[in-house]
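Read the structure below first, then the notes.
Chain naming follows the written order as A, B, C, D, E and F, and within any one chain the residues start at number 1.
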Amino acid sequence: MFTLPVSETVSLKLLEQEDAANIFFLVNESRDHLREWLPWVDGVLSPESYRPVIEMWLKQFAEHNGFQVGILYKGELAGMIGFHKIDWLNKSTSLGYWIGDGFQGHGIMTDSVRSLVSYAFSTYKLNRIEIRCGVENVKSRAIPERLGFQLEGIQRDGEFLYDHFHDLAVYSILSHDWK
Amino acid sequence: MFTLPVSETVSLKLLEQEDAANIFFLVNESRDHLREWLPWVDGVLSPESYRPVIEMWLKQFAEHNGFQVGILYKGELAGMIGFHKIDWLNKSTSLGYWIGDGFQGHGIMTDSVRSLVSYAFSTYKLNRIEIRCGVENVKSRAIPERLGFQLEGIQRDGEFLYDHFHDLAVYSILSHDWK
Amino acid sequence: MFTLPVSETVSLKLLEQEDAANIFFLVNESRDHLREWLPWVDGVLSPESYRPVIEMWLKQFAEHNGFQVGILYKGELAGMIGFHKIDWLNKSTSLGYWIGDGFQGHGIMTDSVRSLVSYAFSTYKLNRIEIRCGVENVKSRAIPERLGFQLEGIQRDGEFLYDHFHDLAVYSILSHDWK
Amino acid sequence: MFTLPVSETVSLKLLEQEDAANIFFLVNESRDHLREWLPWVDGVLSPESYRPVIEMWLKQFAEHNGFQVGILYKGELAGMIGFHKIDWLNKSTSLGYWIGDGFQGHGIMTDSVRSLVSYAFSTYKLNRIEIRCGVENVKSRAIPERLGFQLEGIQRDGEFLYDHFHDLAVYSILSHDWK
Amino acid sequence: MFTLPVSETVSLKLLEQEDAANIFFLVNESRDHLREWLPWVDGVLSPESYRPVIEMWLKQFAEHNGFQVGILYKGELAGMIGFHKIDWLNKSTSLGYWIGDGFQGHGIMTDSVRSLVSYAFSTYKLNRIEIRCGVENVKSRAIPERLGFQLEGIQRDGEFLYDHFHDLAVYSILSHDWK
Amino acid sequence: MFTLPVSETVSLKLLEQEDAANIFFLVNESRDHLREWLPWVDGVLSPESYRPVIEMWLKQFAEHNGFQVGILYKGELAGMIGFHKIDWLNKSTSLGYWIGDGFQGHGIMTDSVRSLVSYAFSTYKLNRIEIRCGVENVKSRAIPERLGFQLEGIQRDGEFLYDHFHDLAVYSILSHDWK
């Protein structure tokens, strides 16, 4: 397996077809808390439904357009993180992430986000990284705040969640502000 | 030619291959003022370079993903306006526009934007429309402000313009605020 | 909506996905008279079946290969008309059309055909336009005859209609004969 | 090589990449008389230009949409013949052909056309076959006339030949008239 | 039909869509003996299942990458033979074949293989042809042995057959060893 | 960067677009010894020529069809190794590899091959892995021999190298023979 080390306990793994069941089970066990803020949870129906998705994620990587990776905590799949896409013209990207039940509170996600911010600035030489969180998603918003991202505004009705729109807090960090 | 009437003097036209020379000449004559705020101006080299672009614009329309149209003022091509794409999941889109030298000051663009905002809300049943303008592009910012858009924030270094990044003012309007 | 004005009461509209139900209902109500001369009527089963068809029609337009448009009579969908494709090498195309129950007898189709013949000669600079009608489809044949098309011959068994072949009358008009 | 026997001296061969030079040389030697009635002759510039064309011809065969074949006379490439495409809905096709300098006058083409007419009716179960010839192309018109095709009409300005349009005589034969 | 003559009684035919039922019935009748050595037999369910397969075979031919042909014995479909693909860089290919019940013992396959070996060396100018047979498939191995192929080795577990792996005997012949 | 650890000094890295210059320079410096056994060396002309190749390699990975990876020795690019493709039906694959000037003699390649053999058997659950080496390429042959691969035969004229064919030694290992 191909991984990017993040800390002593955390690493990021490019998911292969062999991981389909693992992701499904993690999402499935964490369905209740995940669907509070993620629009795709109800569409996850079986391990098989991840097969074309994993291929799509790896093609995104192949096309030099960002990547989606599994977060391993002490070797166990704990969540996912990734770049939605890369805007090479404007040297900009955005980050999304989620963590499964039982893995919260270890700083796993803060470390993972820090690692990908570094990747985007040092390997991809990007200039700007954005994170959007539900305005009331306090735990998620804590991460960009902790890492020095700046709040730029509130995107009203930015996302549709099953039966309602909700507002998104827009954070960004620029490369010259990063360490 | 297929047009959408906007006012007595203004209409919007789906551009066909036969319009390639007209767009080129309009951009070419307005090069100096357009390149101040638009990143693609230096890439416009000949009428022929618009042939694949026009096909791409019409395919966007065919795929139900927004459209780019020419603005006709008293029958003459005066500028362009369009939806960048449509995010059907979140019922959201964004608008971009430019106007050629000599056509400013007639309210052409305000009328055109108003018309497409209506189109997006009434025909496409969208919920949110966004407009991003260079922070110092006063004329461009006047349009969403005049039409009741709300300023949501400043996207730092949002766009690369030939040799520098500049900040973008992010405006939006929601369907329940329209009319 | 993007339209081409034909007369005070008639205009031609590039159909979008939002028109799927309208076309279906018009065809559905006119099924009996339409299937007498049109081979595709029995294949029309639901509004949804028009979704890929509308995309296909708009891609034809995007590829500069002709277009299919709805005929609006006093704002109501009354029928369709379009170019089957464009043979740019030989500067030639052909036209097809149909009208729904209750819209006949107003000269709607003659006006619509006249308008597209003009479009083909003046905008597309074509040289030849062809119309093929069932030999015994008197109403349909009246249109090219009224507009000065010339009968060139009878195409024996030119079309298969559900359970039998029928002959087609071939009409054409050349650009130097138009007006 | 894969061939369809026509007579003791004539057979039809599916051309492979290995035939590219042979077709080129035949066309090249016969350029003057071929370009009198064929619009593509001036586009034939080198053996290599036939490589994508041969692939396209074989894909047409693979897609069950007709085929283009070389005519062998006593084992030597003498010309080509083929179905332009197959209209399966209307069980109809059309035939085109040309012969190189020095191979005329042996009845090669009449035999080849007869063979493909049989193929279309007996193997493909088609109902109608069409041949279009330049109105003044006496030699070409003699073939459908000799084989019992019926003249259906004159297609005015049916084809553009380098610098002028010319009229086409339209012949057809129906399956119940064959043999 | 397009054929390559092999002997007085045997010829090879490029299969068209019209042959789908014939191949299906031949395979269906010979299912028991074929599935002993061929992994695809259980996947053959109906004549219709051959329609995309025949198109795929003809596209292989169109792409200059080998071909699959029916073996006709006294005009009747007796089996199939073909090149799996062509490795143009290394001027090399491999051959596969099978024969239906009731057609064995006439030397049909030996003649067919000899014919395609000649085709590969003389028409395609290849350098090396390979045949792989189940180690215990005595009848199949007799063919390359009879034609002067050389046994190069045993590919252990080279093929999976429904529920077990079996070893393959690898034979080859080089162009300078052929006649 | 995404890596698979092999030993204390060696790891395998999925190459990204950012590695194009590094691979080029390694190949370029090692041209003389590499072209002795590798057919593609003369085709390597510039760092840019690796851009589509890297995308192709990552698409192979995305399609679950094997992968090509850079070998890092103490963090420095030393060579490459990869699976040519995966034959899932027969649970089989083959391995290729090369190492740059100055990196030989550290056991780097033996460790890398061992690592990928394990990957193929334990992660991909394959049954058979093949390695083909030039018969006279003693150093390359030493690797499968050292790792317990079995020599199955000699593929005569198996590969074309610029101006001559050469024979390949075929080695394999089956999963039940691996540790």
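Definition applied: a residue touches a chain if its C-beta (ideal position, glycine included) is under 8 Å from a C-beta of that chain, and two chains touch if they have at least 3 such contacts.
If you're wondering where the values come from, they're calculated on a predicted model, not measured in any experiment.
Colleague: When I count C-beta pairs in contact, which pair ends up with more: E-F or A-F?
Modeller: The greater number of contacts lies at E-F.
Colleague: Distance-wise, how many Å sit between the C-alpha centres of chain C and chain D, to the nearest whole number?
Modeller: Measuring from centre to centre gives 32 Å for this pair.
Colleague: Chain A to chain C: how many Å between their CA centres?
Modeller: Comparing mean C-alpha positions, chain C is 51 Å from chain A.
Colleague: What positions in chain C touch 2 or more of the other chains?
Modeller: Not one residue in chain C touches at least two other chains.
Colleague: Reading round the ring, first chain D, next chain E, what is the order of all the chains?
Modeller: D, E, F, A, B, C
Colleague: Please output the residues of chain A touching chain F within their complex, sorted ascending.
Modeller: It is residues 1-4, 12-14, 16-18, 55, 58-59, 61-64, 123-124 of chain A that touch chain F.
Colleague: So in the complex, which bits of chain E are touching chain F?
Modeller: 39, 89-92, 127-128, 150, 152-160, 165, 170, 172, 174
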